[in-house]
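The following pair of complexes shares a single chain, chain A, combined with chain B in the former and chain C in the latter.
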Partner chain A sequence: MLSRQVRSLLSSRLFSTATQDASSSSDVSNVQRELWRKPENPFLKTPQAWISSLETVEDTKLGLVDLHPDIFRTSPRIDILHRNITWQSVYRNVQMTKMLTKAEMPGGGRKPWPQKKTGRAHVGSIRAPQFIRGGFANGVRGPRTWFYMLPDAIRIQGLCVALTLKHSQDDLHVVDNIQNLQNGDPKFWIDLCEARNYGYSVLFVDDSDEVNGGLAEAQQSLPWLNVMPVYGLNCYSLIKYDTVVLSRSALETIEQRLLSHIHRAGPLNKKFRYMDYKEKILQEAEGEEDPHMPPVV
Partner chain B sequence: MASTSLSRFSTVVRTTSIRAFHDRSSVPRVVDDREKSSAKYADAGYTFRYHQQGVDPLPRIPDSKVPVARPEYKIRDQWSDDAARFGQNDYIDLLGDGSVHPAQLQYHTPTWLRGFPGQHRANELIKLIHYRNLYDAKLKQNSPKRWHELRKRIKYLMMQHNYNKQDEINRERDLGLWEEEPDYTYKDKSRRSFKDEIP
Partner chain C sequence: MLCSSLRRLTSRSFFSTSALKNSEKVWENPWKHAIPERTKTLPTVEEISVDWSYVERLMPIEVIPEVPKHESYPTPSGWTPPTELGKTHPYFVRRRPDHMLPLYLERKRDLLNENTLDFDYVELVTVKNIDGDLFVSFCKENGGIERVESETTVKIIAQ
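And then the complex of A and B:
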């Protein structure tokens, strides 16, 4: 922990020198970027990130890039982030247990002993719930799901909050390119993450859903280093990984997608309705259905 | 020895309040022995060990070789392939091109429950009716016993909800399973629709 802090101090010093170098040599060609629907707030500072390259172990800065304030500088609503992460961990849960009721257990049709004059309890069936090996009253019933969808507005805001937190904690990095890197040696990538103070786990995000080259090879052998496409980005992973590295094209796509949703015409809190998706889901599942037997509940 | 002296000491000291089991009956009960009405059980044999760390060992049969039944110890790998990618496509409808929805990707769920509201929203009755609507013909043809059981369960739940759970019936609104009609009998007139009869 201490070593990490010291290293971060060192890197911040390097960072400042790099800033001076970059500003003096005027290598920074892409500082300015046209940000779509940038808020007209004079007090709002445009967040920025360095663009670096993944070809060398050392962090060589290639330039600065402006980030959209609506996405990378929102108010850090931890509660909304929490709602998102809770939803992500809950909504896919399925419980397949089914406790049989009195009616569903075999037997138990006969009255075990006469109603009166035996000194025993008045019972009508050996499957009554008070019996051992009887049926269950109020048991767990059948495939149970916890599926629900959060409103779009909450999910979009959750993503923005997660990105903002990552950026403000210096855990969000932008690189020029992820595809077709030269070096696929795991040692190289361990050194790289060590030298740049990336922390334990790193998530690379790219525009396309296929990765080739060095990163793909390294990702095979290092379980804490993973690559995700832009559409796979989510709050849980953003928080789970210590560092998130976006490629330049991924940054563009994320901003474009999120902003188009923020500014879209329809309502953002539209309810998810099963009947809208029912036909599609059942049609896709036709291959899994048995032609004769219904699924076992 | 120490415990007996302690208990003796405590009986001497405890004059103001005797910590006893919760007893909400304020009415004196008829008892066969008048001592019983005042002598309440205050000790169930459990003492809270404030200053003793750890867990008491359970009583064991000495020299027994039978291992204690307990769940198998599992090491969960946080960076296994599944765990490292947990939640990967949960935002695919927003970040993707809009053709796929996460409800379609729940391949671990039975097909008829993918995207169906969970049981905290749609109760067991609604779930079973949905199942019946999809598989009624197949059930009747190929598995008549299960069809019969399903009908019995639905009938039972119908009665349960209509007689005992009437306060929960309006939770079946807004489930997204069928088109919602406005509630014409709702008392708040501002929420009533233009279709209302205006006298």
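And then the complex of A and C:
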């Protein structure tokens, strides 16, 4: 959903080219794409990407597209990328174990034997840590979260850095269309990825969150081939998959959204509270059903 | 007046037209007549053209807009737009998204003054986002470079 101001700012420039793209899919890139608020830096070269087709095994190049340098040619801040990836792995962790202390264990209020003359150790309660079935002295205490939110600016820059690294290392491809492809044969897709040197795993990113056609069939049977909508884009997935393939519309959407956040009017350091996200995090895996693993509670 | 309005109310809520049409007696289906039938009436929808510009201009700005054209520069606040001359140097300093120069002031603790036994403080200006030839050109033209922080950042002693 475009905000009304982004819409008005972009309508005069991008939309004219976008409507042209929609009408003539064959000249999908021959129209020179006007990049919104392109930096005027004479030292910055505009990165470009080939647009190919997924209909045949061979890479048929349909054209060339300009990418926005603020997103696809930022400085390669690996420290920021690291922060993003560790944050993604860690901020949803919830620990439920609570190790009871000697005061919380049942019983153990009475001194089991007198202090002197028994020849046994000096002991105050049957549930002290030295006893079997006793409490823990410095155990893991209670529900605990590792929740924290990275500032918006760091997360935006993390995405830009991940996309920059993928593009500069030749792992980013742009494709004209992902929906309603003809061939759903897994063998065809294996041959395609082999011929184009996609690597160990491929991630297809599309504008909409539904896939129809050949790709839907293929990604069911191949575990290393996955499809994702634009709103699911994250640093961890971008680095995990060897190759990332964007559809043309997905590329436009990603650029629009990231640029609108980079040029946002307000501050980029909103405070987040765990209580606002607690339910969402705890219910994350509710709808998931795996044939082998037990359900997550 | 009052009794007619009451009759209208009772007729609307307690007696449904369908029961009268089917001519079902009250004792044949007492529950139906005990619980009044709830009929939903959807209101008619009519779109009225409203000039939303009066509301939109009061809403907060989401994206930083371009700076409007002024007659003369610098503006009363002291702002100058980026010029073509800026691109002729062997280096380039890129502006921030809010059209300001990337200059940041910092007050750092310097050496201990032996006479007063107080720390001397020095004011440094950090210039970020310098592309191109940092060492030779930028540092030469702007003397008094305290140190070079990174490939794109430099600290200058403020005069």
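As a convention for this text, the second predicted complex is superposed on the first by the 234 of 297 C-alpha atoms of A that agree within 3 Å, B and C clash if a C-alpha of one lies under 4 Å from a C-alpha of the other, contacts with A are read in each partner's own complex, and residues count from 1 in each chain.
Please note the rule applied: a contact is a pair of C-beta atoms (placed from the backbone, for glycine too) under 8 Å apart; a residue touches a chain by one contact, two chains touch by 3 or more.
Quick caveat: nothing in here was measured; it's all calculated off a predicted structure.
In the superposition on chain A, A:Ile156 contacts chain B only, with no contact to chain C. Contacts of A:Met275 after superposition: chain B is touched, whereas chain C is not reached.
Touch criterion met: A:Pro39 reaches chain C, while chain B stays clear of it. By the touch criterion stated above, A:Thr145 is placed in contact with chain B alone, chain C being left untouched.
Counted by residues of chain A touched, the larger count belongs to B, out of chain B and chain C.
When the two structures are aligned on the shared chain, A:Ser75 is found in touch with chain C, with no touch to chain B. Judged by the touch definition given at the top, the superposed model places A:Phe131 against neither chain B nor chain C.
Using the contact criterion defined above for the overlaid structures, shared-chain residue A:Ala265 touches chain C, although it does not reach chain B. Across the interface of their complex, chain C is touched by residues 3-6, 9, 39-44, 75, 260, 262-266 of chain A. The touching residues of chain B, counted against chain A in their complex, run 77, 79-81, 84-92, 94-97, 101-104, 106, 108-121, 124, 127, 131, 134-135, 138-139, 141-143, 146, 149-150, 152-153, 156, 174-179. For chain C in complex with chain A, the residues that touch the partner chain are 56, 60-65, 82, 87, 92, 94, 97, 131-132, 151-152. Here chain A touches chain B in the complex through residues 87-89, 91-92, 94, 101, 103-104, 141-149, 152, 155-156, 159, 201, 223-224, 226, 228, 230-237, 240, 254, 257-258, 261, 271-278, 280-282, 284-285, 288-289, 292-295, 297, going by the rule given at the top.
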